[in-house]
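This report refers to the structure that appears directly beneath it.
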Amino acid sequence: MSDMTETTPGWLTTDDLEQARARMPILYVEAVPVRVDDSGELTSVGLLLRMGSGGTVSRTLVSGRVLHHERVRDALMRNLEKDLGPVALPRIPAAPQPFTVAEYFPTQGITPYHDPRQHAVSLAYVVPVTGDCRPRQDALDLVWFSPQDAVSEAVQSEMPGGHGVLLKQALAHLGCAV
Amino acid sequence: MSDMTETTPGWLTTDDLEQARARMPILYVEAVPVRVDDSGELTSVGLLLRMGSGGTVSRTLVSGRVLHHERVRDALMRNLEKDLGPVALPRIPAAPQPFTVAEYFPTQGITPYHDPRQHAVSLAYVVPVTGDCRPRQDALDLVWFSPQDAVSEAVQSEMPGGHGVLLKQALAHLGCAV
Amino acid sequence: MSDMTETTPGWLTTDDLEQARARMPILYVEAVPVRVDDSGELTSVGLLLRMGSGGTVSRTLVSGRVLHHERVRDALMRNLEKDLGPVALPRIPAAPQPFTVAEYFPTQGITPYHDPRQHAVSLAYVVPVTGDCRPRQDALDLVWFSPQDAVSEAVQSEMPGGHGVLLKQALAHLGCAV
Amino acid sequence: MSDMTETTPGWLTTDDLEQARARMPILYVEAVPVRVDDSGELTSVGLLLRMGSGGTVSRTLVSGRVLHHERVRDALMRNLEKDLGPVALPRIPAAPQPFTVAEYFPTQGITPYHDPRQHAVSLAYVVPVTGDCRPRQDALDLVWFSPQDAVSEAVQSEMPGGHGVLLKQALAHLGCAV
């Protein structure tokens, strides 16, 4: 998952977050940005291109923490805007039911998901976006892939920590052959 | 459910449909038209006002048959356009998973749903609409209700055949208090 | 929600929990215990009878925190055993998709759910149980209700904090008339 | 899908079924039989081994038509018993919401699913079974696979018509890496 240190006053300091991470699961939301046609059918999937600490390049989904006193749908909005910019025009789902719950453990092998920093539990949603996406923060770019390309080995190999698995689950939920 | 006789050439004649109805379940789609705010939260629910054969007035959801060789999402599009007009701008769900499956039996009491004409099995979806709704066909009007008003006894009593139950299930799926 | 202070060594102290509650959403699981017949159809719903601090009696669902490094399904198991005893034989869902996500805010009116102690986000599941339920901890009893009785005003009035709403959402998800 | 001609008196004759198949979508249910552990986690997937008309061997899921005046859950029960025998002890889902809806078209390429005989629309469910499975009818055997083996190319190549895709979608819904 992307680095989640929030700098908004009143939220957790980095120290507080470190402490919390050692003691309880941290709640996240994740969004798979998609383009759909008029009949709602998936046409392409958006993946963020990020530069890792060691110069490695990886592709990720939109993700971030749910803050104290923040609704899940507001956390989705905020993280989509953080990662896709202010004019992406995301269509936040009307229903709170996620397509899956991804559990990231600091220990590998318990689930398909892994986050060395923490135990994170992530509510995952598919979010159609209709506007212009202009990645901000630490993302280099947002690239749109056909569903077929998105599940190719080349792309999957650039999605560590189980994000490739989560992407495939999203596509399966949408009725795609994965 | 609304009267479903399709007059498009190549589809079932009324006789064929009568025959099929006596022999197998008929596949329907149903859509609950909703307005949502920018965060995806439900603000109002649209109900069609129909005049029944005996002069009785009832409120219904958008519904109609899935035709031979028609995708479920195309059946949703077609029936939404039939009932809400060409500029309702419905957002057909990206995923095929319905929020429920409503089973209408010609015999009362087997399920909460009842259709004296047939055994119909209906895939039910919530569909946000953003454009202008201009009911066509046999509907008199489309009226937008707050979630609270939509589940009031007055409105529920005008939704026979289990449509009131289906509406409540849709609202429950959206996280509303019903 | 029931009082969640965990006394297992190695988990949060009461102080730590208080501190975390003021700073981030706390992840919960909730289970609606049900009896089903051979065809999977709901026959009754189990509600825990609890004595509140002021001597008031309330009815609740099974609920509890997800602990650090604990899978959601293990949290479900642990909390079901805590509330229903060791021989309830719950059938934990195979899929991680909850039927809804209930967001309890310390402030009233943001969602239908309210918890004065904390911001809790709860993954809600329906869990068929087939064994004997022997409530432990602070629950006085587990009482089985027909779906009709469970949504009656009498029972709903004994389910504060939005638990009555969540119960209705569970029944709606199961296809019941609520 | 397996051959669906029903011989029960009172249902469709083969001629009637042929006629209906040319005119409207036929409603099916499909079940992915699974073994789960006490925490509900998937351990293995059951696939039926069938001998095709040309002597080819294929692997399929449990599937069959929904009959006139039959509930979806009763159709699931009947088809599970037909394919797995009388003591498989399937746990029919309590909720009517399928994990997906698979649309089989007689024309290839419209969806990932294909059935040369008909336009079939199939409600797909994951069904844990706890008893002994003794395939009947035209199935040679039921073989249990680990999730990893079930999505291997060897097994997938034996699942024509999109059944391999549906199996992967089921596993994705269960939180597996596919």
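Chains here go by letter, A, B, C and D, matching the order in which they are written, and residues are numbered from 1 within each.
Please note the rule applied: a residue touches a chain if its C-beta (ideal position, glycine included) is under 8 Å from a C-beta of that chain, and two chains touch if they have at least 3 such contacts.
All of these numbers come straight from a predicted model, not from anything done at the bench.
Asks: Shared touching chains for chain A and chain D?
Replies: B, C
Asks: When I count C-beta pairs in contact, which pair ends up with more: C-D or B-C?
Replies: C-D
Asks: Please report how many Å separate the Cα centroid of chain A from that of chain C, as a whole number.
Replies: Computed value for the inter-centroid distance: 28 Å.
Asks: Hey, how far is the Cα centre of chain B from the one of chain C, in Å?
Replies: Here the centre of chain C sits 33 Å away from the centre of chain B.
Asks: Can you list the residues of chain B that touch 2 or more other chains?
Replies: 71, 95-97, 99-101, 111, 173, 175
Asks: Quick check on the complex: what are the chain B residues that touch chain C?
Replies: Residues 100-102, 111-112, 162, 165, 168-169, 172-173, 175-178.
Asks: Please name which positions on chain B make contact with chain D in the complex.
Replies: Where chain B meets chain D, its residues are 11-12, 16, 20, 22-27, 65-72, 95-101, 103, 105-107, 110-111, 119, 121, 123.
Asks: Touching residues of chain C toward chain D in the complex: what are they?
Replies: Of all residues in chain C, those touching chain D are 34, 36, 38-42, 71, 73-74, 76-77, 91-97, 99, 126, 128, 173-175.
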